[in-house]
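The same subunit A turns up in both complexes below, where it pairs with subunit B and then with subunit C.
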Partner chain A sequence: MKQLKVAIVLLVVGGLLTTAAFFMAFYTAEVQRFGTITVTEQLDTAYPLQSVSADGFQYGRPWFSQKIFYFHVPVAEASFLVFGVAAFFAIRFLITKRREYDTKSRMAMETSLIFVVLTMITGMLWTRASWGIWWEWEPRLTTYFIMTLLMIAYFVLRNSIEDEERRATYGAVFAIIAFIDAPISFFITRLIPSSHPIVFQSGMASSNLVPFIVAQVGMLMVGYAIYTMRMGEEILYERVEAVKEALED
Partner chain B sequence: MDPTNTELYKLVLHDAPYVIAGYGVLWAALVVYVGMVLRRIMRLEKEVLILGESVERRNAE
Partner chain C sequence: MELRTKEMITSMGLYSLLTMVVYQIALSQSGSSFDPRQIAAGLLWLAFLFTSMLGLNRSLVHEQDQGCLEALLLAPVDRPVIFFAKAIGNLVFLLIVEALTIPVFAFLFLQGGGYGGSFWMIPLVLTAGSIGIAGVGTLLATMSVNTKGKDFVLTVLMVPLMYPLLLAAVSATTAAVLGGDGSVEQFWAGMGGIAGYDAIMLLAAYALYEFVIGA
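Moving on to the complex of A and B:
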């Protein structure tokens, strides 16, 4: 299958790019700082001294957990994008009523759900390391959590309907309505006060931007590869079922 | 070890488990999922071959 070969090539290239981004994140990216630390002796290091007081020498606190950013944000942005693809195919299904668009929408939704779950896990690990808590009901986290629940609800809804056409129609309508939450979740940190960092608001050093872009491109390739592989699997499954039915007749 | 360096390392080491877990979970989940899909595809391809042979045999009869 040509599609499967393309998917495997994309998976390998995406894997190589994200691995390269991983090494860049730890070897070449500038260490970000978050708050300050005070030490009694001046360090013999290139690490910039911020101020000197009676308590000692103040340095920027090295923000090691920020390294999660290089994978957490690309996965999150890929989840939004693939969710958009699912909504797009859902609209096309409602217009044309062609079954292939329903399958494409479902596969995109499944791929997006994987990315959403990974975003939640990496995000919670970052929150625990940076804020000292696992979860906070702040705007970005809350709206993203709602998005996760909507995606799970999409599959629950599909599984609860037996009639194929009704299942596809209800699923498409639900996917379109659920997608409304994606732009809300993406822009909410820019619209109302939120403790979640806003990416790109204050610019980014090129040493940080390059690994981020490489990881983003790699993650999108991995996402497209997963989607194509699942589509290939679905086509094969339908073929097997069709042949089985033909043999039974 | 120099006490100030110890202080700095402690700060990094506090975050390290979360960073390692973040990357580890992400890679492991993707690898396991892709592996599962590939296995299912291979099984289905075998099934298509076997069924194709059955159809051919039936047509020949």
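Moving on to the complex of A and C:
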């Protein structure tokens, strides 16, 4: 019960932080510029005037779709992190063979899958706005998509096994082997040419960094709350099953 | 054992031949200006992937039916040895089927196209790629054979895990088939990808097989 209280508090605080980050992203964060446009006559536009030269008037084009950065990147990083937690518990399970680690691993995997789906949705909105397409078979997108498929495969595998111990072991083995893709997906944009942007290479203004961190912390809190609540539910479920079995005997 | 070998080669070979027929349908509207060599490597690896899944599934279903796996576990050998023995068995089947498929594929689709690279490139990339397929496939098939879904589960687990390997293998094989400027670099880049995948995944499969076989 104490854990449930913590989870509810974290859910509320995390939700508030994520909402705060949302407003900060739109009101206080410095607007990144996406190139410039040059026109021959001065316009009354929302774009800031950058310079006046012989070529004409140069306006900075605000990169509005860039705002998705404050949600897409934290949620993607959270998905990698929670996937790592799932793999960690999978290893713990294989070493100790204690059932609680298997449940923890599965719950972490579920939480991570929520983040993965959110990453996919926000990512696709951004690619549509910025690249003009919904999807491209580009290294980061491809490896991340493969990671999504592997996570879904994890649940397909589990649902297809009846024996409890075997389900737990196979699930753990597959979680570990699937996790190999996560660091590859994370680092691939730094290794081979990719059209996916790498934001953190050149540093960032604090007005951009603060909402990002607030969103990241908020999302991790929400993630932890989801994980804890699902764990509580699962423990109750297992207890009910045990009672049922005892009654049958 | 003898009997099963024949059965495996026949079923896998026939399956891969049927895949060629399906390819003919897929390419039937491509017109005469289309050069099948551009996609030959992709088509070949696709056939190998699906044939290997058929073979892997069958090889382990047999064992399960006859209780061979339990017998193997009782035998006084190290469990990792069982992994390598099974993986090498699957590798040999796969290589035989590949050796049978390639001439047929070349006969059906690549006549008059010419071959760009050096001769040794194709066997090299085939072996390296097949090692990865057989190694990871053995681990996954040992799991999937104990599930309700069997072959379906194997497909769901295998295709995404095979993705990096196939991408590198298709790139290297295409370089070997087409030849030309930069093809040697592309070939070795692909081979590097395959080697990295094989090293990481075989190590993981080898370490995890003990848990799978014990469950």
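Observations, loosely collected:
Assume the second predicted complex is superposed on the first by the 232 of 249 C-alpha atoms of A that agree within 3 Å, B and C clash if a C-alpha of one lies under 4 Å from a C-alpha of the other, contacts with A are read in each partner's own complex, and residues count from 1 in each chain.
The rule we apply is simple: a contact is a pair of C-beta atoms (placed from the backbone, for glycine too) under 8 Å apart; a residue touches a chain by one contact, two chains touch by 3 or more.
A quick note: this is a predicted structure, and the numbers were derived from the prediction, not measured.
Of the two partner chains placed around the shared chain by superposition, subunit B is the only one that A:Val240 touches, whereas subunit C remains out of contact. In the superposed pair of complexes, A:Leu49 makes contact with neither subunit B nor subunit C.
Residue contacts after overlaying the shared chain place A:Ile146 against subunit C, while subunit B stays out of touching range. Residue contacts after overlaying the shared chain place A:Gly232 against subunit B, while subunit C stays out of touching range.
Legend: residue contacts after superposition of the two complexes on their common chain; A:Thr122 is shown touching subunit B, with no touch to subunit C. In the superposition on chain A, A:Leu209 makes contact with neither subunit B nor subunit C. With both structures placed on the common chain, the touch criterion links A:Leu16 to neither subunit B nor subunit C. Legend: residue contacts after superposition of the two complexes on their common chain; A:Ile198 is shown touching neither subunit B nor subunit C.
The touching residues of subunit A, when paired with subunit C in their complex, are 94, 142-143, 146, 149-150, 152-153, 156-157, 160-163, 165-166, 169-170, 172-174, 176-178, 180-181, 184. Listed in rising order, the residues of subunit C touching subunit A in the complex are 136, 139, 143-144, 146-149, 153, 156-157, 159-161, 163-164, 200-201, 204-205, 208, 211-212, 214-215.
Taken in their complex, subunit A has these residues touching subunit B: 4, 11, 22, 37, 39-41, 43, 61-65, 67-68, 71-72, 75, 114, 117-118, 121-122, 125-126, 128-130, 222, 225-226, 229-230, 232-233, 236-237, 239-240, 243-244, 246-247. Across the complex, subunit A is touched by residues 2-5, 7-8, 11-12, 14-16, 18-19, 21-23, 25-26, 29-30, 33-34, 37-38, 40-41, 44-45, 47-48, 51-52, 54-55, 58 of subunit B.
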